[in-house]
Structure formats: C-alpha cells, structure tokens
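After this come two complexes, each holding chain A, first together with chain B and then together with chain C.
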Partner chain A sequence: MSAPTLSTSDKPVQPPHHGPPPEARREAFVRSVRRNLSAHSFLIGAVLCFAFFSWYPMVREFLLAFQKTEGGKTTWVGLDNLDYVFHDPAFWQAWRNTLLFTALALLLGFLVPFVIAIVINEFRHAQGYLRLLVYLPVMLPPVASVLLFKYFYDPGYGLFNGVLHFLHLPEQQWLQSTSTAMLSVVIAATWMNMGGATLIYLAALQGIPGELYEAAELDGAGLLRKIWHVTIPQTRLILSLLLLMQIIATMQVFTEPFLLTNGAGPEGSTTTVVYLIYQYAFNFNNYGGAAALGLVLLVLLAGFSAAYVRLSRDSES
Partner chain B sequence: MRSTWFRPTHRRTTAAALVSALALTALAACGTSSSDDSKGSGGGSSDPSAPLDPKTKVTLTMDCMPPAAKAAELREWKEDVKEFNKKYPNVTIQGRSTPGQCEEPTRFTAALKGRSQPDVFYTYFTDLQQVLDNNGAEDISAYVNEKTVPALGSIDPNVTNVLKKDGKLYGLPTSNYTMGLMINRKLFKQAGLDPNQPPTTWEDVRKDAKAIAGLGKGISGYGDYSATNQGGWHFTAEMYGLGGDVVTPDGKKAAFNDAIGKKVLSNLKSMRWDDDSMGKTQLLKWGDLQKQISTDKLGMFLAAPDDLTYMVQQLGAKFEDYGMGPIPGGRATLFGGNDYMIKKGSSPDKIKAAIAWDNYKNLTPGKGQFDWARQKTDALPVGLPQPNFWTGGIKATDLQARTDSATMPVENFKPFMGNPIKGKAEPAKAQEIYKVLDNAMSGVLTNKNANVDKLLSTAEQQVNQVLANQ
Partner chain C sequence: MAERTLISPAQLGRPRGKAVYWGVLTLVVLLFTLVFLGPLYWMVTGGLKTAQEFAESPPTTVPRSFHPENYSHAWNVMQLSKLLLNTLYYAFGALAFQLVLDVAAAYSLSKLRPVFGKVILGMMLATLMIPATVLVVPQYLTVLDLPVFQRNLLNSPWVIWLPSVTNAFNIFLLKRFFDSIPRELLDAASIDGASPLRTLRSVVLPISRPILGVVSIFAIVGVWKDFLWPMLTLPDPNKQTLNVGIYSLAQGVPENWLVAALAMASAPTLIIFLIFQRNIMSGLTAGSLKG
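And now, the complex of A and B:
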C-alpha cells in the first residue's frame, strides 16, 4: 500500500491575509524584542510594579465588594455589601456632604483661579512674580497648610475670630458649626489648590491671539464683553477639561475634612464618601462595605473620566 | 566612544540581570513574613497542655519591644530575654518595636488582613472579633493551664473572659484599665477646691468645672471628646457611670434614648454653653485633652490611669500634679485592656514558647512587668493603679510591692482606688455605634441651640439601623 500523497489541489487552502505570514511576524516580534531588550526589561519592571501595586489591588477591591470575611472564611455574598452600604445611616449624609463640597469647591475653586488668572494676565509687569505668589501655597505640604487653617479657624485662639473681635463683629464658629463647617473646609482647600489651576488658566489665556482682543476693542467692547466674547470661547476647551478634573478630584476629597474637622465635623456635617470608606475599612474592619462604597464612587467617577477622555481627544484633534 | 557596558555582547546579560533583579525586588516587596518559619526541633511534647521542652528550638517574632527612645524599658526587655533564655536557651525572641502606641488600629487592621502580624501580636480587648473574622489567632485553650501559667487562677476571670469566644481562649492579658476622672491637682488648689476629694457626681463635676474655668487665662474646667468615634466612646462611659447602657442586653436595639442619656447630654450642653466651662474649641479627639491638662489648661476629663504615663513620658507632665477619682455616678465603669495573641498557623512548639515568654514577661508576680523594684531603679513610673488584673493574695502582694516602690504619690489615686467600681465591657459593633454617637456629642458641644431630644432620637434611629444592618 502506498503512502497517500497530497496533490497540490489537496493542500488546505490558506485563507487570504494581508501582511507577512505568522512565522515571519513571530520572528519580527522576537527580533524587535531582542533589539529593544533593555527597554523591555525596564518595561517589565514598571509592569510588575503596576500589576502588584495598582492593578491587583483594583481587581481585589472589585472582588471584595461582593465578598464577606467572617471567621477567616471568605464567602461570596452578591449584593449584600451594597445593600449594607445603602442602608447605612451615614451613606446619604456622606453623599450630600460630598456633593455640597463639590458644588462649593467648583464655585470657588473654579471661579477664583480663573478670575485671578485674568487679572494677572492683564498686568504688563511683574507677571512672573505674581505667578510665583499664587503658586506658593501649592508648594506647602498639604498637612502644613491644613494645620495653618486649623489655627486660623480656632474659635478660641484663631486668627479669623481675632480679626472679627478687633472689628467688633460677632465671632464665628467656623469649623464647629453645621452651617459653616463645609464652607470653611472649601475655603481652605481652594486656597491650597488654586495655584495649579491659575497657572493652567494663565497659559490658556496667553495662547489667545492678541488680534482678537484688538478687534474686539475696535468694536467698542469693554473688559466684561472681551471676557465674554473672546476669553471664554477661546478657553472653552481647557475650562471644560479643568472642570471635569476638578469634579473628579473634589468628589474624592479626604485630606482637608479629615485634618480640619477630624473627619466627621459637627453632627457629621463634613463626613465625605471617601472618609466613610476609610471608616469602613479601618475603624469597622468592614472591607466588603468599603469596597462596595468604593465601587459606587468608581462607577460615578468613571462617567466623568470617560467625558474627560473624550474631551482630551477633542482637544488633541 | 560608547562604554563597554553597552556593547551588544553584554547587552543581553545586563538586561537579563536587570530583569531578574527587578523581578526579585518586586517579589520581595510583595512578600509577607512567614507565618511559621520554625517548626521546632529537639524535643517537644505532642501534649498541648505540657509546658515547652527547654531543649526545643524556636524563633518567635514578638510585638511591642520598647523602641530605642525608651531606653530603660528596652534595657528591661533585654534583661528579661536573657533571664528567660537561661531556662529556654533555644528560644530566640525577635522583638519588633513600634515608635508610638503598640497598636494603631489602621495599621493593625491592615497587617491582620495581610497576615503580616508577628507570631505573637498585641491587641486591644475589643479586637477579638476582628481577629477571629480574619482567622488571625490560634485557640490557646489547651495550652494555657496552671503548669504553663502558674498564676492563672489569680487572674480576674472578667479579664480572661473578654479574651474568650465560644469557650475558647485566644489571648493572654498584659494590662487592663477602668475609666475614672483625671484631675489637675494644681488647678483644683488654685480654684479653692480639695484635690483629695474629686467630684463623684455630675452635679459636682459641673460646680467644680465652673470654679476652675473661673480662673480665666483660657482654662477649661472639664473637657470631652466629640470626634473620631471617641465622643461616642465617652458618651458610653458616661452612660455606664449613671447606670445606663447604650444597647439593650440582647444587643439588638439602642438603649440610650432615655432619662440617663438626656442627663448626660444636657449636662454637657449646660457646661459648654451656660457655664462656658468647657472651652470654645471642640471636636476634640484622643490626645487633645491630655495636651490641655498637661499644660494646665484643663481641670478634669474622663480617662484611664495609663493616660498619665503618656502625659508624663510624652508631654512633660509631672506625676504629682495629677490625681484620679472614680467615674461620676459610680454605677459602673467602662473597662478595657491589652493582650497578646498568637498568630494562626503557628506550630505547637511556637505556641508553647510564646506562652512561656508571655508568662515570664507579663504574668509572673514580681517578675517582668511586675518587677516594681527594678522599675523604680530605672526611674520608670510606679504607683499607677493599673494594670490590676490580679485577685486574692497576689493582688494584695502586688499592690504592696507597687506602693513600696512607688515613684509617684500613690495617695493621689486613693479616691479612685478606694472606690472600686464594677467594670463593664464595650458593646458589640462599638465603633459603628460610637460613630453615630459622636454626632450627639458634637451636637451639644458645638451648637448652642442643639435639641437634646432630637439628637438622641436621631442617634437612636441610626444605631437601630446599624444594629439591624449586620
């Protein structure tokens, strides 16, 4: 019996494909890896670090949100942790506080740096000096800035009440009153962080061609009309990007209320969502609850992040 | 000219070495300590109730070795290791020291979750459930008996019971505390009050606080916490003092929205706003009041005796300027303490070695932490009323030895010691309940127009929700 032979027509038909065959591609890949071995080795280090310290915790956090650990046994509990979180009396209060912080922080933290940037931009001299002055608070360690404000706000010995007392005005409770605590936190946070935003606005303002202002002036536009018809449209994109970035950052606020009001504030008026996550994890040992609340926050922020990415792409194009 | 390091022939070797190094670094960084690096050798009995065979070779990692800054305590630790090694030459004690408190809840919780706690680790009495939930500690019931811990029968059963769950023992105590009223004797005298008779009722606390605040210069008469769950903790202690409770005996409902709860909050509100005897700065947490009283800016606050050690050692206070009275009300007082647990997964020999060391260092009258004469020689604080977990003859002998070697005026604690008050443990889900009660405390201390009834009923509703949500 003769061995079967394959005629040319019997050969399996290779599906048509574009580019080099797989072997060649593999070889090209191996060659490319060899050629850039040092670069790849550095890359592996970075990838390992990200994998261990960023990606793994993220995956673990996601899993934890649906698990419960009791008696050393981890069990799958489905949506129980979310149910727990939604029924926590502090949950809605924390969200209300966080949204209030975000709204106030946007109002102050968005508007104040923009106005300051416009004012600095109008100066013909000493711009560098003014930029430095505005940026200085950012260079202070956050804890030092917060402690400084804690002293300013102190109802007994604080600077602010000292000034009010000097002016024969009624003293305020600042951080110790449910009506002013969050606003006081926002003022401190705005002061600490406005330097960076101001510089970005300033860069955007300086990118606006001078001819546009000149044309507006020729048309008889005053300062406000110039801002409305030239400055804002020209910086629209950067304004939108910063707005989104600030929403994402302010919704994760933790440091300022944690240090200024010991986390919760009077009657829980400064408890934020991230502080509540911290409490679940480290005060109540409820990792499932912490992960579930983290997930809720993540979903919300992911929406803003997607918008941010889209806007960034638009700005690149 | 290119360096030879970058010649093509070397490139691959260099990169491979680099990759290996990075991989090893990453693995080392992610590694945790071995839970059981020595299985024990050279003898050892399979009977858990038998003491450790002196020939057994074991290495123990041990929490809470005093840091270098505490030179005298560290010297005593080393002396004790040396003495212990005379009997057990093959047991190596590897102490781990922490600069601040031995246990910081956030770090401890993370270590427990990551299983990176030492073989013998330090916990607060209230940590037991958390440790068990994370399968962190060995059941040592079979190992602890009159042979391995000879003074076992003289330890207050209330203390050992806190370390038990379902009849199984998970820890050995090192100290305990009950809360009382810390006073600044200097300010008492300046205000014309008798520091040997601290107030025992809230009415008297209010009267004395007013007198002390009357000294002016920013001095407060009485201080209390209202943040980081410690406001709730003190509210609970104050409820206990007046015979109340924060949860029902079955632990299912809030129990503080009653006349006692109202009395606690109304009294604080009156002291803060009507008398102005609590200072303007509120939302205080642990450490704030200690600083105030150490700088003679505060007359009284609820504390445990070991707060004084912190005040003297860390804040420069002097023992003779302070004293303690019983908790106002005197019906019951909140108690707590610290202990050592043994990491889950430890070999029987390791458990035995840990118990032998703990017994020598912390549970032998006249030795280790109870060697008061040595502590006096080393100029350490001797004479504080606690730890005080002995009963019967040992209790009397220990108190006598402590008094004989006292390095502070022990009579300042007479009002506290002479009025022993029944200790009561913290409720289950304590931290979550305290978080809610912080709001009630901060409410009356920061809002002049706070409605006590509303604060209590809101807190009651929220605590019920917390208890239902388990």
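And now, the complex of A and C:
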C-alpha cells in the first residue's frame, strides 16, 4: 500500500543539491567501510570454521549422494545410490528398528520425565536434591553408562535379572534376545538422557499460575482432571517443542545401540539407520550409499525441524 | 510459602495430608537415590571388589574386602593418565576456540551489525536444521583432505577443536545475551574512544559472565561425552579420548578393573557438575528451548 516509487535502492535518493557535501559523504563512507572491516574481522574465524566444517560438508552430502567414487575416480550416477539402498533389505529393517526405537523412546523418554517433573514440583522439600539426581546421568561419559547397563543386563549375574528373580518374575535375556534387545537399549538411553527434559519441564511447571488450580478445584476437579485441564494446556508449547526435539534426536540414535549391542544386536534387531550409514561409509567404503541414506533421513526429518523452528519462533513473540 | 501447585495447601495442611506428603516424599527420595545414585555406587564399589566377588549374584552391597589397588592397576594398564590428558587437552582447546571465535562472532552479529550479518546468522542457524549424524560422513571426508590447505587432520587436535566452533546453538545463546545489553552502555564506551575490541573486553565480557559460564560448561561436557566423531578421527591409540580409549580396551581387561576405570573416567565431569550445578541448571532452562 506504499506509494509507488521508481527508485530501486531502499534508501531515498538524495536530490543533488540538498545532500551533505561530498567530503562529508566520503568520510561517512570511509567510516562505514572501517566499521564493517572491524565487524567482519570479528566474524571471520567462526565463518571459516562453518565454511569448512558445516557448509561445505552440507553441499558435499548432496553431491556425494549422486556420485560414485571408485579407484579415485568420481562419476555422476544420478539416482543409482538411492536405488541401491532402497533395494538393500537392511534398509527396511533399519527403518523398522529406528521407528520402533523412536516410538519406545517417546513413550518412555517423553512421558517419564513429565511425570517425574510433576512429582518433584509438588514437593516443598528436597527439590534441589531430586533435580540433581535426575540430571546426574547426563554428566557421565556415555561409555561409562553404557558399560554399566551392559553389566546390569547380563543374563548370568546381572542386577536386573537379580531383581526379577527376587520378585519371582521370569528372568529375561535382555540384550541377547531379538524381542527385548531394542527395549533394553531404550531403557538405558532413557536413563542416560532424560535429565535435560525433566529440568525443562520443571521450569515450565513452575511458571503455571496457582490460581488456575484453585479455579479448577472450585469446579470440583480431582488430581487427574487438574493435570489434564490445567497442567497440560499450560505447558503445551514446551511439551510440543520437546516432542519435536526428541523425535529429531531419537531418529538419529547411534551411540547407545552401537555400544550396547555392537550396533547390530541379535539378528540385526538393533541396527538403526545411522548405524547403517556408519556401516556403508566405514565398513563397506560406500560413501555414495551412505550419503544417499543420509539424504533420506534428512528429508524425513526436515518436516520436524521446520515445525520446531516455527514453533520456537512463535514462542519468542 | 511458594506458589501453590497441583495439590492445595489446605489439603496438605491436614494431618492426613501431611502424613501422605511425607510418606510419598520419603518414598520418592529413596527410589530416586536408588535409581540414579545406585548405579554410581555400584560402579565405585564394584571397582573395589575382587574379580570373584564382582561376578557374584546377587551382588554384595558392601565389598567384603577392599581392593583399591584395582584402581591403580586400571589406571596403569589402560593408560588412563594419557587418555585423561588427551581428553582434557581436546576439551579445553575446544573451549578456548569456542570462547574466542564464537564470542567474537556473536558480539559482531549482535552489536557491530556488519553487512550480510543477518545472512551469515541465518546460514549458521540453518546448520541446526540438518541432522548432525547426516553430516558425519562428508565431514569425515573433508578432514581427510582439508580443501585449500590440502591437509589431513586425522589424529590432530584440530579435528576436534575447529569443528567444535561450528556450534550455532552457542552462538545463538551468546547473541541473545549480548542483544540484551543496552546500546547506551556501548555508545558511552565508544564516545570515550574505546575500540570494538576494547569495548568487548571491558564492557561486554564482564557483564556476560553467567552466559560464558554456561557456554563453557556445555563446550567441555560436549567434548567429554562425544563418541562417534573422536572414534572416527583419532584412530591412533595414543591420541584417543577417554570414551574411545576405554571402549577399545574394554575387552582385554578384568571386569573389576574396567569398572574402576569407568569410575575414574566419570569423576571429572561429575565434579564439574557438582561445583557448577546451579549455573548449569539455570542455563539449561533459560536457553534450551529457544533453539
């Protein structure tokens, strides 16, 4: 609705005789160049790092996916790599496993921290201690937590079977059986990683105005209805942000299954997509196939990433 | 009393409410201690047991006899001092690079506002949209033969330090903090004739101590916890990090020694956490959502 103008620059064109004298203009120009030089010199180090280790690899990922390198010669093969990975039976198994992991990890890793946060938030005492405990595993080196769980899962002398035995429940094969391997990985991963989410939920819960609960009580709401009608709507934004974040993170799971079950697990039952990428690249030297797999993952996660960025931008304003 | 929550204070005030409250609290404290501290206790005491006692089922809660020499054996056999020094070297190097380059970049983007600044920030944030694991393969190929410089960075500390700078999330956190520093403060400095560098050093950095603390801890913990990247790029056993070194040595070592090694490898970050837990917790909740 602005008035039409013929000027293409975004600054109004100065009529020749009313502007500042040429010397002043030159001085302003020199000053702006100098200001920009110093500003860019502050930026250059980080920009170079991004250029070499982020932006260039991003471009390269796309190129690699459509290329084949053999004997030092790179040829353009179009969609051959994608065709190849789509016809690899391991591809579909890896996707089934990854989706199973994501579903289980969301069930545990999304719900458990929320419940824990609600419980901790109710206490007037020991809150600091409980918060500290929940976050403790996040600070362990992953190798330490994973090897700990490997001992706990041991079918012979492991702690978990000891507990099951004590409760007169049937003992499990845990990581050794195709039916429980993935669940075992998810339990370990949840223990290792849920501290961050719990703390974020706690912060969100602390922002809920107490009057809302009072109002709900006047309407005769019980505990569960208060959670359903007050707690969840009040934390909806953070819940959905963390949900997206966890989908993005869990679909890229690698370290936990790699360390717990050497990546594949019994009959490949814990092979994830990222482990398959790793195998293609570093065991089979098939960089094109690895890049093609990566591209599939990228496309599938792009929607979640875009939703996340949009939602977090909305939460800013 | 603080802001009220789910359960009404009146309900808590009644004798029955009080009893339930303290009962549940005790139960939760015990359960959490068992679930989250229990494994750590098991690890520290497991390292003190003999090999036979370690493999016993059910495990003993207190070692029958103490064998602290397991710790020194593990320390020597797994060459933990070297792994630890390597990891410290990588972690603090990465911290130095991130503090200098990321702080400078965030300061420039926030306060100096160069031409194309918005575009550069956008391109940095765009890297957050690409799943990190997708980039591992092309990044690996890049460090094998770094363009322009024609250098192979494998087994050199640069392979950890330089990519750690590309942390768009840290730059974003820092920029947001710098954005909140009032313009007038910087204008006053510049009227006094301070250069941008001088302003950064004497005005911006002193105010930014809390966010610098958070970013520093994330930087160190990030290197301490990373596994895949150092495994790929530091194949030389003499250059490895704790995570990778322990993983590759885990097979050939008695189990009680290995557990002692795990306890020692976990100690540094746990100690850092216990000292700085207040900063970490506030930083986490302040910054982690606005990605």
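Quick note on the criterion: the second predicted complex is superposed on the first by the 275 of 317 C-alpha atoms of A that agree within 3 Å, B and C clash if a C-alpha of one lies under 4 Å from a C-alpha of the other, contacts with A are read in each partner's own complex, and residues count from 1 in each chain.
Here, contacts are C-beta pairs under 8 Å (C-beta built on N, C-alpha and C of every residue); 3 or more make two chains touch, one makes a residue touch a chain.
From a predicted model like this one, the values you see are computed outputs, not experimental measurements.
Asks: Could you tell me if A:G72 is touching chain B, chain C, both of them or neither one (first, second, both, neither)?
Replies: A:G72 contacts chain B only, not chain C.
Asks: More residues of chain A in touch with chain C or with chain B?
Replies: Of the two chains, more chain A residues are contacted by C.
Asks: Under the stated touch criterion, which partner chain does A:V274 make contact with: chain B (first), chain C (second), both, or neither?
Replies: second
Asks: Using the touch definition from the top, say if A:L136 reaches chain B (first), chain C (second), both or neither.
Replies: A:L136: touches chain C, not chain B.
Asks: In the overlaid three-chain picture, which partner chain does A:F282 touch, first (chain B) or second (chain C), both, or neither?
Replies: So A:F282 meets both chain B and chain C here.
Asks: One more residue to check, A:H87. First (chain B), second (chain C), both or neither?
Replies: first
Asks: Counting only touches as set out at the top, which of chain B and chain C does A:L223 meet: first, second, both, neither?
Replies: second
Asks: Of the two partner chains, chain B (first) and chain C (second), which one does A:C49 touch, if any: first, second, both, or neither?
Replies: After superposition on chain A, A:C49 lies in contact with both partners, chain B and chain C.
Asks: In the overlaid three-chain picture, which partner chain does A:L175 touch, first (chain B) or second (chain C), both, or neither?
Replies: The first partner, chain B, only.
Asks: I'd like to check the shared interface: which positions of chain A are touched by both chain B and chain C across the two complexes?
Replies: The overlap between the chain B and chain C interfaces on chain A comprises residues 38, 40, 42, 45, 49, 52, 156-157, 281-282, 287.
Asks: Can you tell me which positions in chain C touch chain A when the two form their complex?
Replies: Contact set of chain C toward chain A: 1-8, 21, 25, 28-29, 32-33, 35-37, 39-40, 42-43, 46, 55-59, 100-102, 104-105, 107-109, 112-115, 117, 120, 123-124, 127-143, 146-147, 162-163, 165-166, 171, 195-196, 221, 224-225, 227-228, 232, 242-243, 246-247, 250, 255, 258-259, 262-263, 265-266, 269-270, 272-273, 277, 280-281, 284-285, 288-291.
Asks: In the complex formed with chain C, which residues of chain A make contact?
Replies: Touch residues, chain A against chain C: 35-36, 38-40, 42-43, 45-47, 49-50, 52-58, 60-61, 64, 118-126, 129-137, 139-145, 147-148, 151-152, 156-159, 161-162, 165-166, 191, 196, 199-200, 202-203, 205-206, 208-210, 213-214, 217, 223, 226-227, 231, 238, 241, 245, 248, 251-252, 254-255, 258-259, 274, 277-278, 281-282, 287, 290-291, 294-295, 297-298, 301-302, 305-306, 308-309, 312, 315-316.
Asks: For a test of understanding, state which residues of chain A touch chain B in their complex under the given definition.
Replies: The touching residues are 34, 37-38, 40-42, 44-45, 48-49, 52, 69-73, 84, 87-90, 154-157, 173, 175-178, 261-268, 279, 281-285, 287.
Asks: Spell out the residues on chain B that touch chain A in their complex, using ranges where they run on.
Replies: Interface residues on the chain B side: 11-12, 14-16, 18-19, 22-23, 26, 29-30, 105-106, 109-110, 113, 130, 132-136, 218, 227-229, 279-283, 285, 344, 431-432, 435-436, 438-439, 442-443, 446-447, 455, 461-462, 465-466, 468-469.
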